[in-house]
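The following pair of complexes shares a single chain, subunit A, combined with subunit B in the former and subunit C in the latter.
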Partner chain A sequence: MYDFKALYEANSVQEAIRLLDEHPDAVILAGGSDVLIDTRSGKLAGREMISIYGMDELRGVSIDDEDNIRIGSLTSFSAICRDPIINEHIKVLAEACSMVGSPQIRAIGTIGGNTCNGVTSADSASTLMAYDAVMETEGPQGTRRIPISEWYIKPHQVAMAHDELQTAILIPLKSCSGYTGCYMKYGMRNAMEITTTGCSVNVKLSEDRKTFEDVRVGFGVAAPVPIRAHTAEQAVRGKEVSEENIRLFADQTLEDVRPRDSWRASKDFRLHLCRTLAEDALREAVRRSGGVING
Partner chain B sequence: MAEKQYKLVTCTINGRKRSEMVDVRASLSDMLRNDYRLTSVKIGCEVGECGACTVLINGEAFNSCIYLAIWADGKEITTLEGLSGPNGELSDIQQAFIDNTAAQCGFCTPGFIMTATEILNSGKLYSDEELRKMLSGHLCRCTGYENIFKAVKKTMYSRLGMEYKEDDGPVSDIKVLNSLDFDNHRTS
Partner chain C sequence: MLVGKSVPRVDAHDKVTGMTRYTDDLCDKSAYIAKVKHADVCHAIVKSIDTTEAEKVPGVVKIVTCFDVPDIPFPTAGHPWSTEPAHQDVADRHLLTKHVRYYGDDVAAVIAEDEISAVQAVRKIKVEYEELPFVLDAQEAMKDGAPQLHEKYPHNILAHTDVRRGNLAEAIKEPGLIKVEGWYDTPTVQHCHIENATCFAYEEDGYIVVYTSTQIPHIVRRIVGQALGIPWGRVRIVKPYIGGGFGDKQDALYEPLCAFLTTQVGGHPVRLTCTREETFANCRVRHAIRSHIISWVRPNGDIVARKLECWSNQGAYASHGHGIAAKGMNAFPQLYPCDNVECDSWTVFTNIQVAGAMRAYGMPQATFANDCNIEDICRRLNLDPVQYRKDHLMPVGYKDAFSKNELYSDTFRQVLDKGMEYIGWKEKWAAYQKPQTGNIRRGIGTAVFWYNTAVWPIALETSSCRMVLNQDGSVNVQMGETEIGQGEDTAAAQMTADVIGLPLDMVHVLTQQDTDVSPFGTGVYASRGTYISGMAIANTGAAFKQKILEKAYEYTRMQPAVMDIRDGNIVRTTDGRVLMTMGELATAALYDRERSEHLSMEKTTQAKTNAYSFGCCFAEVEVNIALCKIKLLNIVNVHDAGKLINPELAKAQVEGGMSMGIGYALSEKMKYDPKTGKLLNGNLLDYKLSTFMDHPHLEAEFVVNPEPTSPFGTKSLGEPPVNPVAPAIRNAVLQATGVAFNELPMDPHLLYRRFSEEHLIR
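And now, the complex of A and B:
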């Protein structure tokens, strides 16, 4: 038995917003792979819960009228991994989601929960950062669209009021077209592992595959919240696909990252990881794009 | 909780339609063990790490300890009890666990077998690496992983009508359906 003060089930977005308004201390329960564990440990024990898990309208991946990939907030990691739209347009998101927890955790964990809990180690977040995703929320004031660059305020806090609900994550198709990505996660073991540091790189190469038309990189656990490394991106944009530029890119990521010491890893080790992961992930993204280094 | 909250949960459990008034605070493992006496559902860590409580929900493996019982309404649940035949005949994967000595203390066994059932029901051939990843949501405290792995791999081969040899080498030499095969992926 879980220690809940009360549990309310929302069957529609409007009902969820009303329940949130009526219960200012209530916690949203999506898949529960964080919230139920925190309830068990005592951190969230005795609280009111609003379960949105039953809202199938928030599940699934589609392409909307404005040419965005629309991922319903309750879509599970395993559903994302096998989704044909994701695998066609932004396969690296499937790669990142396939590294979350274990198969059973991927079956229950949702991408909405992964981005609303505001943690820097979220495996999906660095890729969503690197593809300029947009968060869609519903609240009493209506629909809001928040670019992911403005989403994370600080650890465990995102740009959403208590009576708002994240309903979807949008990824513009133009942000995917021509780009190929690679996500690399460093951890002490291969499963059930919280990322020590993670890096999602994607590249768009010129037609002859000799120039970086664009490079984008997102990091998890390289700062208090997921971040982009714009200095590194700027450093190689428009430049030749070469070993020197790949190393320049990796070095320049250190201008943007600001990891800290934690019991999981030291700051110095994380700085090393940022550089190494960025280098390896960029090299792999180039290979997947059919590019030849120093070709 | 100030006053107890209950909800009628109707679901199909091991092929039979069942209904029960359930405390909204109950996990699915609480409901399966306490209301339906399905004690193959083991409670180990209760935080979704060990996999001992794994059941299939609409064919997909979930940790029932971090799944609310009320969410099971309208779903199809399979536990280990649902795998054997009408006269208690064991399924191929259960028999393979016996034949390969894949159970030591046995606590992790039902969970492992449920995940293995999902893997085998996909009808696909997986490489050793893929199989290990797919089984990674289970902890065996006796550390009997090699025999568990062998039981699943042998059953996969036998279902696909292929001969299993100890020295077969990695399965990845054979063309394998891999959902994350980047080499076949190019954006133009």
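And now, the complex of A and C:
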């Protein structure tokens, strides 16, 4: 039994926005894999809920007229994992989504929920960061497009008003073209796991595959919200694909990350992980790109 | 013969089709829901409780606080009762407490019409505390000036016992001895049975009926009677199928409180079901034990003297108490016998939750400490660890003076040889001994154990069995040994079928224990189920069979001496002729208009033996130094549990135990906030129970040396598999990295700390 005050079902985006406006205390319920846990624990007990789960218009992956990959906010992790567009253009996102929780959680959990709850451990977030995704929201003022770099305000708070609804996540095709990525999730076990630190790296190599034309890296649980490590990216952009530069890149991530001490992991250990994962993920991304280190 | 065959579990069909009914399935939907108010301080006196706001929540029926319960201290441990007061379990619990001794202790309970109202009301109860200082570590708790938990136990010492053999002080004067010393720490862990602790209670005709998920119905009956101060016969406990216990349910958990609560609402059914979080925070845990071992050895490895000190963290209340540490300590001088031994063990109250029984009862902690120290000796002296164990383990013919347990066969050599062969010890050991410098390193390790079977002579061993002939010639069997998922009912059915001479489908083991109906029994624990119930089945079955044959004489005119029961028929043994079927006999006997008779047999069997069970584990690991991760590549447990009643079920027992051992080795640990004493990771996300994605193939192998004291040649297997896994993995990691992990679990946090200390990572 869950302790909630009322449940409203929205059948369209406009209805959802109206319901949000009418119920300033209401919580949006998508897959429920976070909301129901918080309801049970008492954090969200007794609240009104607006379910958007039935809105199929917010499900699915497509390519829009502006050459963006458009992922409907209610698309589940398991749907992303097997989606052909995702697997063709941004396979690393499927890799990241395949590491969420368990098969049951991946079937019910949505990428919209994963990004709207504003947690740093979200497995999809570091990859979306690393590919410069854009969040699309609808509200009384109409449609807004918010770059992911401006999306996260602080833990559990994103750049969206109460009466706005995230409807899609857009990834420009040009941001994917020529890039190959690798996501490394670090956890204490191999399934049913919340990320200790996650690292998503992607590279674009020169034609001879000897130079880093571009490198991008996003981190989860390396700061209060998901982040990019621009200093590290800058340090190797345009440089030779070499062991030294891979290690330089890994070391430079420490300039950008700022993990905290918690009982789940110490700050020192997380710093060590950021560097180690960045190194391993970059090396793997180079390998997947057909690059040769010190070639 | 059915014993020795892997027949399907008798409960398999209903379990896989979801038809099996557990405690919660049986609870009437009209039952009130009870929720406990847990203290959010670690050590305090309750000054007052304000329930005004809580009472206003619609649906609340009654709120009971620690000021409303009887002032009757009671014990909770699931031990057979002792008629000698000195050996009785410590009675230190109240249904609800005015003296909070751990974070989460029970101070009040809400009874409501539904769960949400109960939960809301619990949140609105206001408790005023006078807080006291607290202590979480056993050795800290023994210090002068440490916070005291129980008046009667100065320095928080619940018990201290020792073992002395020979003369250690003299023996260690021998010149040239090498001293190998270590401190070995094991963590507090939880059983994580799938079915949370749950029970419901109601009154009927002046009796209190409690349905509960327990391993020990007759013991819980006694404890509920004691806690409420009512005659034990006024309590009826019913135990349906349960979803695992692992020792947590070898304790009275919330049954006494639930029984009391129904009396507060006129006998209306009240259900008290723990959430997973409560199962973590408020049920029992495995004792964290810190061991200090010093071995004095000659350069050739001969063990001259050994010293063991261990401190067992009991938590807030006595529960199973010192039994756990004492069991491990008493095992120490037997596994690697030596002439001069000094052992001391202390069980100490602290302000963490209560430790009780958990699979293998002190032995995983002791086996870890002991086989780490033995491995340290091997490394120091550069000796082959398998050969060293073979040379120094208890020899064939070894007999323990107290238990009279005896090592009858060359079991240790047999299990070690079998394990070595499976894992490819010789080649891998040699290969991994070569210096390794890369980021990925491999190692292989082993550990051994012995384990008891049942609790004699420490405590009573008794089993009652009733067999009843049904109208169709099939036989119903009732006993006190409970099915808790381990396969007890199936083993009992196989043994009964063989003793009487029936096909399996003519034996019906009544799975549900009901203390008003079932013969008296103490339940299952201590890996006693098959060993002890086998004795009861053998004795009862033999007498029942004789009675049946004597009855058959009346209809066949053949002497019982020339008859037997085979495959459900009364057979003349001299020529093999089938004289009548069991069905014909049963019908004839029951419906006989002159001499009608209901055929049954009931006997109590007391056991005054115990049996050594043995085994080993071999583990091969790959360590990623930079990632601070251990990957298990291969693992095998080899057991000698005597004859296997059902080989497939035996394998399943071993696999489950190995999984529990892997979690113990690599990931499981209950973490307490040093600032508040609060359990931080009491849920299945943050408590890292291992998943099957964390295991390689789990190989279970057996060596069969039939146990002479058992009519079926069997001995313990339920608990033993967990014992050797953690030290085998630790010893493999030691070979791979050169780093000795003397603390569990070897999780990434610990690896990061130790690898940093050893400068293996930058």
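One rule holds in what follows: the second predicted complex is superposed on the first by the 295 of 295 C-alpha atoms of A that agree within 3 Å, B and C clash if a C-alpha of one lies under 4 Å from a C-alpha of the other, contacts with A are read in each partner's own complex, and residues count from 1 in each chain.
The rule is simple: a contact is a pair of C-beta atoms (placed from the backbone, for glycine too) under 8 Å apart; a residue touches a chain by one contact, two chains touch by 3 or more.
Since this is a predicted model, take the numbers as computed values, not measurements.
Taking subunit B and subunit C in turn and counting the residues of subunit A each one touches, the greater count comes from B. In the superposed model, A:Met1 lies in contact with both subunit B and subunit C.
When both complexes are overlaid on chain A, the residue A:Gly42 reaches subunit C alone and has no touch with subunit B.
Judged by the touch definition given at the top, the superposed model places A:Ser177 against subunit B, while subunit C stays out of reach.
In the superposition on chain A, A:Trp263 contacts subunit C only, with no contact to subunit B.
Using the contact criterion defined above for the overlaid structures, shared-chain residue A:Cys81 touches subunit B, although it does not reach subunit C. Of the two partner chains placed by the overlay, neither subunit B nor subunit C lies in contact with A:Phe249. Of the two partner chains, subunit C is the only one that A:Thr276 touches; subunit B does not reach it. When the two complexes are overlaid on their common chain A, residue A:Tyr186 makes contact with subunit C while staying clear of subunit B.
Once the two complexes are overlaid on the shared chain, A:Phe219 sits clear of subunit B and of subunit C alike. Common to the subunit B-facing and subunit C-facing surfaces of subunit A are residues 1-3, 190-192. On the side of subunit A, the complex with subunit B involves touching residues 1-7, 9, 29, 32-33, 36-37, 40-41, 51, 53-54, 78, 81-82, 87, 91, 94-95, 98, 101-105, 107-108, 176-180, 190-192, 288-290. The touching residues of subunit A, counted against subunit C in their complex, run 1-3, 42, 45-46, 186, 188-192, 194, 196, 263-266, 268-269, 272, 276, 280. On the side of subunit C, the complex with subunit A involves touching residues 114-116, 119-120, 123, 626-628, 667, 671, 673, 680-681, 684-686, 688, 690-694, 747-749, 752, 761.
Only residues 1-2, 5, 23-27, 30, 46-49, 51, 54, 57, 60-63, 66-68, 70-71, 73, 115, 133-134, 136-138, 179-180, 182-183, 185-188 of subunit B touch subunit A when the two sit together in their complex.
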